[in-house]
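Chain lettering (A, B, C, D, E and F) follows the sequence in which the chains are written, and residue indices restart at 1 in each chain.
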Amino acid sequence: MGQGDRIRTFIHGFDEKLGGGIPEGLIVLLAGEPGTMKSTIAFNIIYQNALREGRAGTYVLLEQGRDTFTRHLEQMSLSPHDVENKVSIVDLGMIRRNLDGMADHTWLEIFKMYASNLKRTLNYDILVVDSLPVLEVMARFENPREELFQLFEWMRDLKATTFLISEMKPGSEDFGKNGEEYLADGIIHTKMERVDDANIQRRIRCVKMRGTSHSPNYYTLIFQNGILQATRIIAE
Amino acid sequence: MGQGDRIRTFIHGFDEKLGGGIPEGLIVLLAGEPGTMKSTIAFNIIYQNALREGRAGTYVLLEQGRDTFTRHLEQMSLSPHDVENKVSIVDLGMIRRNLDGMADHTWLEIFKMYASNLKRTLNYDILVVDSLPVLEVMARFENPREELFQLFEWMRDLKATTFLISEMKPGSEDFGKNGEEYLADGIIHTKMERVDDANIQRRIRCVKMRGTSHSPNYYTLIFQNGILQATRIIAE
Amino acid sequence: MGQGDRIRTFIHGFDEKLGGGIPEGLIVLLAGEPGTMKSTIAFNIIYQNALREGRAGTYVLLEQGRDTFTRHLEQMSLSPHDVENKVSIVDLGMIRRNLDGMADHTWLEIFKMYASNLKRTLNYDILVVDSLPVLEVMARFENPREELFQLFEWMRDLKATTFLISEMKPGSEDFGKNGEEYLADGIIHTKMERVDDANIQRRIRCVKMRGTSHSPNYYTLIFQNGILQATRIIAE
Amino acid sequence: MGQGDRIRTFIHGFDEKLGGGIPEGLIVLLAGEPGTMKSTIAFNIIYQNALREGRAGTYVLLEQGRDTFTRHLEQMSLSPHDVENKVSIVDLGMIRRNLDGMADHTWLEIFKMYASNLKRTLNYDILVVDSLPVLEVMARFENPREELFQLFEWMRDLKATTFLISEMKPGSEDFGKNGEEYLADGIIHTKMERVDDANIQRRIRCVKMRGTSHSPNYYTLIFQNGILQATRIIAE
Amino acid sequence: MGQGDRIRTFIHGFDEKLGGGIPEGLIVLLAGEPGTMKSTIAFNIIYQNALREGRAGTYVLLEQGRDTFTRHLEQMSLSPHDVENKVSIVDLGMIRRNLDGMADHTWLEIFKMYASNLKRTLNYDILVVDSLPVLEVMARFENPREELFQLFEWMRDLKATTFLISEMKPGSEDFGKNGEEYLADGIIHTKMERVDDANIQRRIRCVKMRGTSHSPNYYTLIFQNGILQATRIIAE
Amino acid sequence: MGQGDRIRTFIHGFDEKLGGGIPEGLIVLLAGEPGTMKSTIAFNIIYQNALREGRAGTYVLLEQGRDTFTRHLEQMSLSPHDVENKVSIVDLGMIRRNLDGMADHTWLEIFKMYASNLKRTLNYDILVVDSLPVLEVMARFENPREELFQLFEWMRDLKATTFLISEMKPGSEDFGKNGEEYLADGIIHTKMERVDDANIQRRIRCVKMRGTSHSPNYYTLIFQNGILQATRIIAE
């Protein structure tokens, strides 16, 4: 792992604010309220890094099925077919349904098994977990803070740049329930900003990024013609 | 299921904001505080899709009886009689009262049984559950987040476009208590906006919709002469 | 029960906002903070409907004794004596004290017994429960949401227009604790509005009313010379 | 108990807002944050009604000892000695300490015993409990809402006008924790209002009063030369 | 205990607002957020009353050790050595560490033992407990409200003017968790006020004081050259 | 330990506000929301004090691994190699993984063992724990407030100036969950301030510091060219 290598987010105008991107090997929380394009942002990172940098990626689905997700991505001009030899989309729900005879495998074990095996075979550089709260629920943690701490330690050993998608409650500034926000090496926050009575804008911001001297400011997040962009907010 | 087929909401001015409607097969949360016309919006989708598109629909009642609901719809110029060969209204409360000898059937089993059977016989394209919180209460979940996750997986297999009506507390921005907001593929939010000391307007907004590049903005929701409309908010 | 028959509230200026009144047979939450005249509003509906429409009514007291209540009503120019052959006031507290030998009757059973018997003998059109929270406390629900759901189903079978008085915390917008706000067919909300540093006005609003195309706006609630009135709010 | 008889509060300018005073026999919550002179207001009612109307009164102390309270009253020019043949001050803490051999008496039983006995011997018209929250704590209620309901029923049978002092948290609008605000027949609310960066005024308001057509507005509460006054708030 | 004797706080400009000081024998909560000089205020009362009035005092430390505290006081020009024959500083933590062989003594017993013994030998007029929340934690109350009530009764019997330091959460207006605010005879509140984007001022206010007609207003709290001062707030 | 010796923070412009620095031997909470450079501030204190004052320091990592942290520091121009003979960085996670055969050592015991041993061998003047919440979680406290109190007593005996990094929730003013804010001798607070719709500034403030007459005001925290600075906030 080269000192100083960075994974670009390919959100135009945002990587410069991060000193070029995210330091390799970090675990980054991608946290935001519903509708702030977290899945699109995360897959876009995998997609563009596969297409342009030749990096392998793995996207683990827990909330939705692969069909819905694929259709979503195609609608967003990010077709998985374009990168199919570099990117693996794992539909954990379907896998578990097919493992009926193996009832002793918990969700967390299945997740770890697939994450490990694909690391060995595909040797991905980027891992996305969509989403962390669902993984936490399905894992049935008894001591959430402690077991989450151990899960983070386990993920660090994967030596991949990892994005954990986390749903925030609208209006809340709480990045996580069980200390995710200080276990993570970085936090990227997306939100809805009500700019006036009628209009709502999506915003993005880097809250924290270890090994990086970054701007903490908000930018407007725009998706147009298959391209994500972070632009300066025009004050009135 | 044709890629790209969309179910129109028949709220005038709103479908365009959704890229033509809701992608077929999604599970959509229709969440709002009391009095924001959620039942009317949901039945209107079934009603207009039956009348104009020939689509079959099923409306599952848990909060109110069929009589009250029918009277309500007639008052709203959406008489169930107009679409009776395409639309089935299921009064789950009455069904359960008639199942006294079958006490081993829980509410959730009855719901699933009816939803499955009607899918087989009526082959509905659209399913409405009115409301999800009542279903959750009656189902007596022990691990709500996990069992809800499994219910969503079960509903996905129905291959219908599903609307789950969810009651929000006034003043709250919380779309669900047990992670409904990230399990759902889409969220349509209705609310009361106090525009001045005396006047309140109903508002509608698409918060999230997988497979759709939608506007996140608020629109004024108007019901007039049997027609639902979403209009631009006139700023002062 | 004639389709379209409506029970007038006899709050001047308010019935027009409800399309003439409340559809017969609905269960309506009359919710507001302390001091917003809920009991007066509810008894006034029974009183005026008895006097002017010849409708029978039953008012169930749980919070206060009959003497205090009668004195209150006389002070408000709504003397129960004027309508004594049409209206029954049930003092549930006194009844229970007299049932010492029948200790196996719970409050909820006594309430149901009286509500049923009076329906049979008096055949009331309008029922008021003052108040729902006290009934809920005394009923000692173990699963409040579920048992409340069943109580609402039981009340629907009475075929009366029912008003459930519910106390709200000042400053709260929460109409109920156990889902009352979506079980009810209608919600009428009363509140205190602090119009300036010194002055407070009472306000009334129809939040929700099934089978009715109603205004959601606030009106000033005034009581003068024995008459309740809802007037437009004069903006500054 | 004469219909229409009212107990004056002897807060100058406030009785007129209550239609002359508080209807005899009501149970009134006197609720406010620390420092709003609740004890002074309550004893002043007993003191002035004894001195000027010849009414007997009983003041039950739970928070402080009789010495501290007496010294406080003398400082306030409301010396108990002036009314000692009409007014009894009961120091429940001291009584209980002297009842060591009677350990089976709970606080609530001792309170009831003293309240009953003094009613029989002194036949007081006015009873003050200072304070209700301490009585609730010491009574060790298991089902607070239900046992409180029964305590209110018991107090109603005393046939006295009863003032229950209740401490509110600063900034809270919550008059009670266990439904006191709807069990009580009346609520008088005292508060601190921060009028600017430096200055704080005490305010008083009648929130609710059964049998009374009262103003819900706020008044400035002033204590000067042994006299309590409620004056109109001068808007800037 | 002379009627009317008062303990001066020696905060310049504040004693006049209290009618000369705090009535002897009261239990006063000195509550404020971190950094508002509560310990300095409390020791200053003991220090100045020893130096100028010859009154004995006892300061019980639970949060910090005697060394840190002494160094703090010297830095503040309030050296304990100046008053060492009148003032005792009790380091309860160190005492308990030295009591290993006496493991059956709980913290509360040790506190009571020292408070009683020093009362007998030193006959202090003023007692400070720094801080009440730590004492409550260490006492391991099972029924905090009830046991606190009994602790206050026990403290009243010491016949000292007692100051209980209580930590408040920044931004909270909650003087205590277990009813301390109504058990106490007086409350002095210190806070941080953010006067503009950059500047913060310390404020002091007497919220409640039995036996005293006091101002409820805020004053700016200043510490300069070993002197505490409460000055009028200059409005803009 | 010389009376009056102070540890400089080496945040330019901040030490003057603290009377020259932090009194030796204190336990200081360094509390702030994610992204406010707490780790950088804490290591900078150790780094500069080693480089310029020849003081030994120990930095205990619980949240992140040594590699990530080292890379972060190098990026910040604070390379551990510059001070490697004076400063020890302890990666507690890695240590524990290597202690598999010693499973009876809890995290807290390991922490104490390393802190004690390094005190004996390195005799550090400054200790940083990054972070306290993780230590608390891993220690599995049963009575957090009480065990934390004892941990603070244990740390005081180390006779080092100790910095405990504590994560705050964004928007919260709560420095700790278990009374950390009153157990600590000092609190330094870092926060994000949203200065307008787009821009966010980091701020720093000394909330509390025993033995120090300090300013409670906010300063803008800037990191540039390897130097931390606290500058006056320019009001608009």
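Everything below uses one rule, namely that contacts are C-beta pairs under 8 Å (C-beta built on N, C-alpha and C of every residue); 3 or more make two chains touch, one makes a residue touch a chain.
From a predicted model like this one, the values you see are computed outputs, not experimental measurements.
Under the contact definition stated at the top, the chains bordering both chain B and chain F are A. Contacts with chain C and chain D are shared by no chain at all.
In terms of the distance between Cα centroids, chain C is separated most widely from F.
With chains reduced to the mean position of their C-alpha atoms, the one farthest from chain E is B. Chain geometry summary: the mean Cα position of chain B and that of chain C are 30 Å apart.
If you average the CA atoms of chain C and of chain F, the two centres end up 60 Å from each other. For chain C, the set of residues that touch two or more other chains is empty.
Across the complex, chain D is touched by residues 3, 23, 25-26, 143, 145-146, 149, 153, 156, 173-175, 179, 181-183, 185, 187, 193, 205-213, 216-219, 232-233, 235 of chain E. Residues of chain F touching chain A in their complex: 34-35, 63-65, 68-69, 71-72, 74-76, 93, 97, 131, 133-134, 137-138, 140, 167, 169-171, 192, 196-202, 223.
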